[in-house]
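Some structures are shown below for you to check.
One chain, chain A, appears in both complexes that follow, with chain B as partner in the first and chain C in the second.
Showing the complex of A and B:
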């Protein structure tokens, strides 16, 4: 049965990776390894009827291999990880999805994009351009909502990996008000981007600049910016996830995550707590990496809107009370079907988006050994 | 060229009347209002969200903010006129002034965020504007302080209005121009009133306070960078 259920994903993988087939041997090996890996993880999800553990392998691999492939490309094309001001002025800054919410108001009010990149496919590091990235984001977001942060974000894997290193959390008492952090960063960044006509988050607060593309520091300002990037990365992505076993950057800081929470309302998939089965032991609350479950929400049978659909609560629940759910249906009506439908959509997109990232990173490493 | 100048001399410009000043200033204000709204947004939105719920209280907030901003406008215009700097406000003077204004804005926002937290701890139900001061009776509405300081921010629309006002010949006409210009820009602040309908709870207040702290830190940096710009930017 598990093999049958995996078959559509295997076909999709074949089609996707055949499309990205490379002429060199290292690239070919990387593509085959990635395809096998993605199919194997999906098969294990089907076989064990659990999600979180297998999804995490994929997610951490994507998080670790994204900087490898990206930094290699940047250095090959530009000679340095630092982006100089000339590249920004020329609109050749590579675009990631994180500034999308910051661009909407300035674009709506002034028809101007406050990001030094190219809307259409450009030259050099501009890559596919903002339109392609925004289009892909919109299509995927409509289906998975905030599931983006568990299956498609190429930044979250590093902290998820760090969160799973320690067996037990060393910092257990976390003020729940920190959960509002992403909304505050989103509000401040949207307002400042509109006022200053600048992508303020990218310039000042993105922790992942530390492992992708920092500012080419030619003055004190650049040094300060890079210092902030490194400090945020070290604390929110490395140290705090290790101490708390939570995805602290995602849960307490990421403005894109807050924005993405809104789209949990448009996605048909969510996670519910079956109140007839719940004891409540609150194991789900402890397991949730983004603190999206509270005593009140469990009592109401709901997760908070920040739920990333990672499956940690569903897998840890001893009474199968935390369940995958399709909106408009009964909570107890076939949660496995809901999981399957979500996973087909999410894993299909993960192969397309994350699979190419993993293959790219692997190919970069394999190039060192195989010519 | 000389011929052209002669031609220009003979051109009869329409007389500058109260009506024409009014129309011109209002049009300029309305046209540049979105820029004013955007530049004041980081100050107004979080501080307004930090206040209590209700249209009446939010109207009071916005009245205090705009009233103080109006005073700031006129005071700045008068001082600049007195210094003869309305037209060519030199960067050497402009940067320190803007730097100090940003530093003060940052400090007030920090104080605001702190006061909101304390006010909530004492009584969240009191439908009063957040005041900044030691004792409540002697305190100044935070909205007024923020409005006054934003009135001093030298934003592009302000400079455009200053350039035109300087051509009017008398300080009274210039102040009149600024007053009408202010009315034009203020229309764009009315949508902020809708924030009064947003239901206030711990989440909204906390988000507003955290956002104020972030914006304050950025303003403090901007202020410092303007004051010691050469050292920061390296040119």
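Showing the complex of A and C:
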């Protein structure tokens, strides 16, 4: 049965990876390895009826291999991870999805994109352009909603990996008010981006600049900016996930994650707590990496809107009370069917987006050994 | 099965169908849609549209429309001039430029053009019209005050005096 359920994903993998087939041997090996890995992870999800730990292998691999491929490309093209001002003027700053919510208001009010990239495909690191990234985000968000943060974000894997290192959380008491952090950062960044007409988050607060590209430190200001990036990365992505076993950057800081939470309202899939089965032991609350379960929400049988459908709570529940759910249906009615439908969409997108990132990073490493 | 449940399952099935369409139809359609919105990159980065070209000895100087900062943007207004092609520029450029096209010289711009494409550039600008700010030995300090290499061009941005 598990093999049969995995078959559509295997076909999809073949279609997607055939599209990205590379002429060189290292690239080909990387693509085959990635395809096998993605299919194997899905098969294990079907076979074990668990989601989180297999998804996590993929997610961490994507988080670790994205910087490998990206930094290699940046260094090969520019010779440095710092963005020189002339590259910004030429519109060759690569655009990721994180600033999308911050650019909407300036674009809506003045038709101006406050980011030094290229709207259409451009040369160098401009790549496919900002319209392509925004188009991809929109299309994939329709499918996965807030699940973006569990299946498609190529930054979250690093902290998810760090959160998995320690066996037990060393820092257990976390003030629940930190959960509002992403919304506060989102509001502040939207207003500041509009007022200053600048992609303020990218210029000042993005922790992932430390593992992608940063502002070229031309002066003291540039040094301060880079110092902030490194400090935020070290604390929110490395140290705090290790201490708390939570995805602290996602849970307490990421403005894109907060924005993406809105799409939990439009998505047909969610996670519910079956109150007839719940004891409540609150293991789900402890396991949730983004603190999207509280005593109150468990009592109501709901997750908070920040739930990113990673499946940690579902897998850990000893009573099968935390369940995958399709809106409109009974909570107890066939959660496995809901999980399967969610995973077909989400894993399909993960193969298409994350799979190419993993294959790219692997190919970069393999190039060292295979000519 | 209730009507709500039927709707739920239909929507879930449709989501899977939409996923199938993402790489073949939707991504391209949304990308085209966004590209067709008529958005443009902030002129503080792009330098604004070119309005005039001056023919010099073997090379041209493109003059862009002045760029004014938005409400709280932390830059001065500036005008961008492009010297191109780089291969046709002498080793030292010194040009008097009529930026606003009124027939009167506005600025004198002088800079060296090193053969090494990676060598740092420095520019001096003498303001012959008080509307423009002079610059002494400026590299790439700010978006409104710089000299950099572009694609086969040398770009100089001269700040405008506040009116």
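FYI, the second predicted complex is superposed on the first by the 371 of 371 C-alpha atoms of A that agree within 3 Å, B and C clash if a C-alpha of one lies under 4 Å from a C-alpha of the other, contacts with A are read in each partner's own complex, and residues count from 1 in each chain.
Just so it is clear, contacts are C-beta pairs under 8 Å (C-beta built on N, C-alpha and C of every residue); 3 or more make two chains touch, one makes a residue touch a chain.
Model, not experiment: these values are computed from the prediction.
If you put the two complexes together on chain A, you find that chain B and chain C both fit without a clash.
By the document's definition of touching, neither partner reaches A:313: not chain B, not chain C. Using the contact criterion defined above for the overlaid structures, shared-chain residue A:341 touches chain C, although it does not reach chain B.
By the touch criterion defined above, A:218 lies against chain B and chain C together after alignment on the C-alpha atoms of chain A.
In the superposition on chain A, contact of A:109 is made with chain B only, not with chain C.
Residue contacts after overlaying the shared chain place A:181 against chain B, while chain C stays out of touching range. Greater residue coverage of chain A by touch, when chain B is weighed against chain C, goes to C. Judged by the touch definition given at the top, the superposed model places A:16 against chain C, while chain B stays out of reach. Shared-chain residue A:195: touches chain B and chain C both. Vertex at the C-alpha centre of chain A, arms toward the centres of chain B and chain C: the angle is 50 degrees, rounded to a multiple of 10. In the superposition on chain A, A:273 contacts neither chain B nor chain C.
The minimum CA-CA separation between chain B and chain C in the overlaid arrangement is 5 Å, rounded to the whole angstrom. The intersection of chain A residues touching chain B with those touching chain C, taken from the two complexes, comprises 110, 195, 218-219. Chain A meets chain C in the complex at residues 16, 19, 84-86, 88-91, 106-107, 110-120, 123, 129, 131-132, 134-136, 138-140, 142-143, 195-198, 218-219, 267-269, 326-330, 333, 338, 341-342, 344-345, 348-349, 352.
Of all the residues in chain A, the ones that touch chain B in their complex are 109-110, 177, 180-181, 183-185, 187-188, 191-192, 194-195, 200, 204, 218-221, 224.
Those residues of chain C lying in contact with chain A across their complex are 2, 4-9, 11-13, 15-16, 18-20, 22-23, 26-35, 37-47, 69-74, 140-141, 143, 146, 148-151, 155.
By the touch rule above, chain B contacts chain A in their complex via residues 34, 38-42, 45-46, 202-203, 206-211, 214-215, 218, 225, 231-235.
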